[in-house]
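Please read the structure below before turning to the comments.
Per-chain residue numbering starts at 1, and chain names A, B, C and D are given in the order in which the chains are listed.
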Amino acid sequence: MANISAGRPRATMSTSRLEAFSDGVIAVAITLLVLDLRVPSPATPGSLARHLADQWPSFAAYFVSFLTIGVVWINHHAMLRRLASADHSVLMLNVALLMTIVVLPFTTSLMSAYLTAPAGQHLAAVIYGGSFLVFRLVFLVMQRHLLIHRAHLMHEPPTPALRRAILRRTAIGVVPYLLATLGGLLSPYLTLAINGSVALFYSLPAPDDRRAP
Amino acid sequence: MANISAGRPRATMSTSRLEAFSDGVIAVAITLLVLDLRVPSPATPGSLARHLADQWPSFAAYFVSFLTIGVVWINHHAMLRRLASADHSVLMLNVALLMTIVVLPFTTSLMSAYLTAPAGQHLAAVIYGGSFLVFRLVFLVMQRHLLIHRAHLMHEPPTPALRRAILRRTAIGVVPYLLATLGGLLSPYLTLAINGSVALFYSLPAPDDRRAP
Amino acid sequence: MANISAGRPRATMSTSRLEAFSDGVIAVAITLLVLDLRVPSPATPGSLARHLADQWPSFAAYFVSFLTIGVVWINHHAMLRRLASADHSVLMLNVALLMTIVVLPFTTSLMSAYLTAPAGQHLAAVIYGGSFLVFRLVFLVMQRHLLIHRAHLMHEPPTPALRRAILRRTAIGVVPYLLATLGGLLSPYLTLAINGSVALFYSLPAPDDRRAP
Amino acid sequence: MANISAGRPRATMSTSRLEAFSDGVIAVAITLLVLDLRVPSPATPGSLARHLADQWPSFAAYFVSFLTIGVVWINHHAMLRRLASADHSVLMLNVALLMTIVVLPFTTSLMSAYLTAPAGQHLAAVIYGGSFLVFRLVFLVMQRHLLIHRAHLMHEPPTPALRRAILRRTAIGVVPYLLATLGGLLSPYLTLAINGSVALFYSLPAPDDRRAP
């Protein structure tokens, strides 16, 4: 009776389907970011150059969010790759994680709309930073769940040392987004700058990448 | 002459393509939910906090629908996983099922727009609840068709006991959505609460998951 | 020098990637149909029931187009399944075919906007019917190209009899869409009715499906 | 410690996941082009035929951009197909490449909105041409990186002669987009014509395709 679908699902699923669905959701979410780049109406007074220049927050936010979600996608697969199969708890944590990813085009759009607005910038920045913070927290919860409670589902269970190293790094990854969120209370530009710096930092090759063949 | 494409298609298709296409459609549908989260115009009078607070039905509906479609995706794969191949009837039932899934972002948007409106809330709630009800009914029809009429397409045909158990659980899964739909006549909040509770219930680990390794 | 990428591409590609990309495009296109279902503003005078009832052309067009694209997807895979690999000509014909599929949400939206409009219904119906007609014609061109000029790329080249049967059926599939397009000159309802009937016809099991195990 | 996910990711990933994610992003981006085809409101004075005729820049830009992204997709796979696995640098260059692809529906929309506008056409054309130019430049950078610095990740490292031939062709592919971008200073129609001609050129079969079986 372990495999009854519908009703409360208890499926163990191969991770390839889990990865394919996650890929699809992340691919759509990252592409929806472009919908926030608006074409100024030719009927509006003022030059196109001016209208596009006024939209710079949208371009900056597009760049930062796209790069961040790109890194998110890489991290997500690095996490799932260790798994040989997924049970219901893994599937649902992944749904929760995807829920925090899919909301990012909305918070990105909010940030870019309010960055240069006369009011509401601080709240928009806190929400923008906070949406990435929530994503990283759910990511940490899922990483912990996999490494500690679902090690038996992995291709090869990690050694205690590797497990600690992964969890420490995942936990450290939360910190800059906490700062970015709190930074929004000071200045929305600070939030955007921190988020952008973090995305660029993770985009660069790691030092030992250069040594490795 | 069994494999003539175009014209009335009679293809037997491997389920991997069927799953990949379904994954794609469900991934897009679940991600489109974010389009219902609107960025308030900075030009509107009133604080951003207030505008976002007024949008709480959208956030609640996003949460409930995202979680529900996530569970739907898990159930859908649990159903298809038993199949070794799919004939035309399976493909078309799956198209019908996807049609009921793709409509969910629309009914979600309708629910969130009318939840706090002075009129139309009851109808919106009945449509919202009803859209999930129709999905569950088509799911039940497809589950029955597979288990009873297409058992020869499965990796291993289910035992009569397993078949009865699956169908009973699938049928029971229809009930809360029937209540949610009827509940809309009393109060739209009831519909949202029932749908949310059902999604949370299916998200929790089943009791025997805890025993299993 | 046969495999130089970039510049004029000459790649031979496995059909699995071709199918995956086509699946993705068709999945997005079929899901975008839901964007044509509009939530009436709660601020508009009149009851919600009335507003939704007035939108019936959108619901009818959603149903017809979704079902049609679902059948299109099935036919597309039945066609590609015979191929073992794809050369540049196959890839480009497939891009052309996808271009005619991606345009369908637009023509569907046009049809539903003008079905009950005081003017423009005939043109909208001709464009709606015509968009499906163009799709079927490109499908026929691609089917012919594969069967006649690229038989060496197939898992097993079709017998002359099978080839003729497939091409006859594919050519016959063009006819109803020609009628639907011309029918738009008489009445847009006729176009919608023909398109809907064709989609339903292809959805039904073929007679020999019932005999086959 | 080479495989720690989260924190700075150092994953080596199989290219199948890389291709699947890229396919998803390109499939969504190419399909979003249809959102630029607008249904004229039936309430607008003037005939539907006239409104659609006025929208011809949208249809032309849809055609050119769809064909171009289709060719982009083919080239992208031709490039990735040589790889056996991908390290962090390859993944991030691919994210950068996808970022330049996802922006194309925006620049396409800009081009079609301003092609016949009284002002702003030259800037719109330069941005439109420039967006394809940037894509080709990032493509060239990635191609160089793979062929020169990541040859050890390939199924079989290319011979020096093949490597030079690929890089020469990739570099030549930049030229028409440079011309299209500069051409926008003279006339936006020139930009559209060059982009369209290039897409058509790459769509045609290469001479040696005809000789090959």
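For the reader, a short list of remarks on this structure follows.
By definition in this document, a residue touches a chain if its C-beta (ideal position, glycine included) is under 8 Å from a C-beta of that chain, and two chains touch if they have at least 3 such contacts.
Note that the structure is a prediction, hence the values are computed from the model and not measured.
Taken over every residue number at the interface, the positions common to chain A and chain B amount to under half, indicating a different-residue contact.
Relative to chain C, the chain whose mean Cα position lies farthest away is A. A separation of 35 Å divides the Cα centre of chain B from that of chain D. Here the spacing of chain A and chain D, counted between their Cα centres, is 25 Å. The multi-chain contact residues of chain B, meaning those touching 2 or more other chains, are 20, 24, 27-28, 32. Residues 19-20, 23-24, 26-28, 30-35, 37, 39, 41-42, 47-49, 52, 62-63, 66-67, 70-71, 73-75, 77-79, 81-82, 139, 143, 162, 165-166, 169-170, 172-173, 201-206, 208-209, 212-213 of chain D touch chain C in their complex.
Residues 1-11, 13, 17, 20-21, 24-25, 27-29, 32, 87-89, 91-92, 95, 98-99, 102-103, 105-106, 109-110, 113-114, 117-120, 123-124, 127, 152 of chain B touch chain C in their complex.
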